[in-house]
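In what follows, subunit A forms one complex with subunit B and a second complex with subunit C.
Presenting the complex of A and B:
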């Protein structure tokens, strides 16, 4: 039986305890989050004027890496859009404009200076420096954002972290343990604590399974044992801010569903033939 | 040159945190604590900020010097 428990959740982070699944299952979700869940990023830039100290290409690259708040329901992937246009239409492209000039004082051009045609599609932060302009320098450009997938470019990854690890299993043999506290001192993640002459696990999820505590134990064989649960994982997701983490996961599951459906359809066809 | 937009390793957005980091560290705060409060947990993201040298201001000075020289030359040929 699959079971989910939320360990931590805010606007960008999600930590889940997933029990009752095996490694290929959780790994499929992890990889779909990285490579298949679409999000928006600037893909084409038309430089109208650039007298700054950075080349056009560097500015275009910096613009591309800016994470953009994405509306998955309002926009189509360019390859799936009905317009079939190379350039894109209002349903698969968002235009940004930028026009800054340094007159008497040097200015920093920020992501907040990008003006979007749709106020819901905007950089996740207004404080990303794009370039600094010296007196008399000018930057004027138009940029086009599109939906895309992480497998084509990392700028289209909706996450900066998508990982899973085994749930640790720490067993302390109460009969062998002499409560010397060596393991408590050694543990780099403060997983263990000593209380009332006994060593206890206080923060199991922080354990990295480094087994330093096992090596530190003076008992022979060691009184503490570190292992992992077979079918339990901690799944960690950190969104870039483009999409809420819950949405990323549900979207990943939807994509996996669709791929499996395609697979069964193909099998049916093969059997018919 | 200028702070990279994202962490080279994991892809976390770091550019918007640089200016606050630079100001607070200059004011005497402990860099490690500033990084913690900015939410940079992994060492890949922390080194991006810690090892960054913002030389774009220096480059801009070359631009200003070149402008001054251009201006001087223009005046010289006018006279």
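Presenting the complex of A and C:
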């Protein structure tokens, strides 16, 4: 039976306990989140004036890596857009402008200085430095953000972390254990605790299965055993802020379904031939 | 996604899947091997940058390899659907 439980959830983080799926499936979801779920990033920059110390290319690269709040429903992927234009249209491109000049004092240009044509599509943070301008230097440019996929460039990854690990299984043999507390002291993640002359698991999800506790146990064989559940996983997702983590994982499920459907259609063609 | 048939006999099928990777192939391999009438199932990506994955399936007759693949995809879809529904319930709660 497939079951999901939220372990942690806020604006950018999501930690789920997933039971009843196998490794290839949870790995497919993890990989799709990284490579297939689209998000927006600056893709093309027209530099009008750049007298800063950084080359145009470096500024363009720095702009590309700024996470941008994405509207997946309002915009199309350039290759799927009806405009069929290399340059893009209002449905597949967002224009940003930037115009800063350092007059008497040096200034730092931040991501917050980018002015978007659509107020809903803006940098996730206003405080990402782009370049420092010395006295008399100027930076003026126009940048175009597009939807893209992580498999083409890491700037289009909606997440900074997408991972899964097995759910640990810790068994303490009550007959062998004399509650010496050596395992409690050794554990780097403070998974174990001693209470009322007994060693107990207090934070199972923090366990990394390093087995230091098994080695630390003076009993031979060890009174503590660390293993993992075969079909239970902790799925960890950390969004860059481009999309809410719930939306990212929902999209991943949709994309996997689409890919499997495509595969079925192709096999049906093979059968016909 | 496009499938190119490299070898096809009564109970053997070797296909090249353009535009797929470990994501899909590893999932399908697992689902194929769950079927006890599948003799051999595996995939290979000869070169990580320049080649497409090649899936190989050999079945015990009377099961046809194409049907084994369809069955595997169907089971993967079912798991995905279950996961999607569980996720929806979780997010609504």
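In this text, the second predicted complex is superposed on the first by the 273 of 273 C-alpha atoms of A that agree within 3 Å, B and C clash if a C-alpha of one lies under 4 Å from a C-alpha of the other, contacts with A are read in each partner's own complex, and residues count from 1 in each chain.
Keep in mind that, in the parts below, contacts are C-beta pairs under 8 Å (C-beta built on N, C-alpha and C of every residue); 3 or more make two chains touch, one makes a residue touch a chain.
Quantities reported herein were computed from a predicted structural model and do not represent experimental measurements.
Using the contact criterion defined above for the overlaid structures, shared-chain residue A:79 touches neither subunit B nor subunit C, since it reaches no partner. The partner of subunit A that touches more of its residues, comparing subunit B with subunit C, is C.
Judged by the touch definition given at the top, the superposed model places A:54 against subunit B, while subunit C stays out of reach. Contacts of A:125 after superposition: subunit B is touched, whereas subunit C is not reached.
In the superposed pair of complexes, A:229 makes contact with neither subunit B nor subunit C. Contacts of A:62 after superposition: subunit B is touched, whereas subunit C is not reached.
Touch criterion met: A:260 reaches subunit C, while subunit B stays clear of it.
Using the contact criterion defined above for the overlaid structures, shared-chain residue A:25 touches subunit C, although it does not reach subunit B. Overlap of the subunit B and subunit C contact sets on subunit A: empty, with no shared residue.
In the complex of the two chains, the subunit A residues touching subunit B come out as 53-54, 62, 65-67, 106, 111, 124-129, 131-132, 134-137, 154, 157, 159-161, 238, 240-241. Subunit A contributes residues 2-6, 16, 18, 20-25, 27-29, 31-32, 35-36, 246, 249-250, 253-254, 256-257, 259-264, 266-271, 273 to its touches with subunit C in the complex.
Partner subunit A is touched in their complex by these residues of subunit C: 1-3, 5, 8, 13, 15, 17, 20-24, 26-31, 66, 69-70, 73-74, 76-77, 79-84, 86-91. For subunit B in complex with subunit A, the residues that touch the partner chain are 1-3, 5-7, 10-13, 15-16, 18-19, 42, 56-57, 59-60, 63-64, 67.
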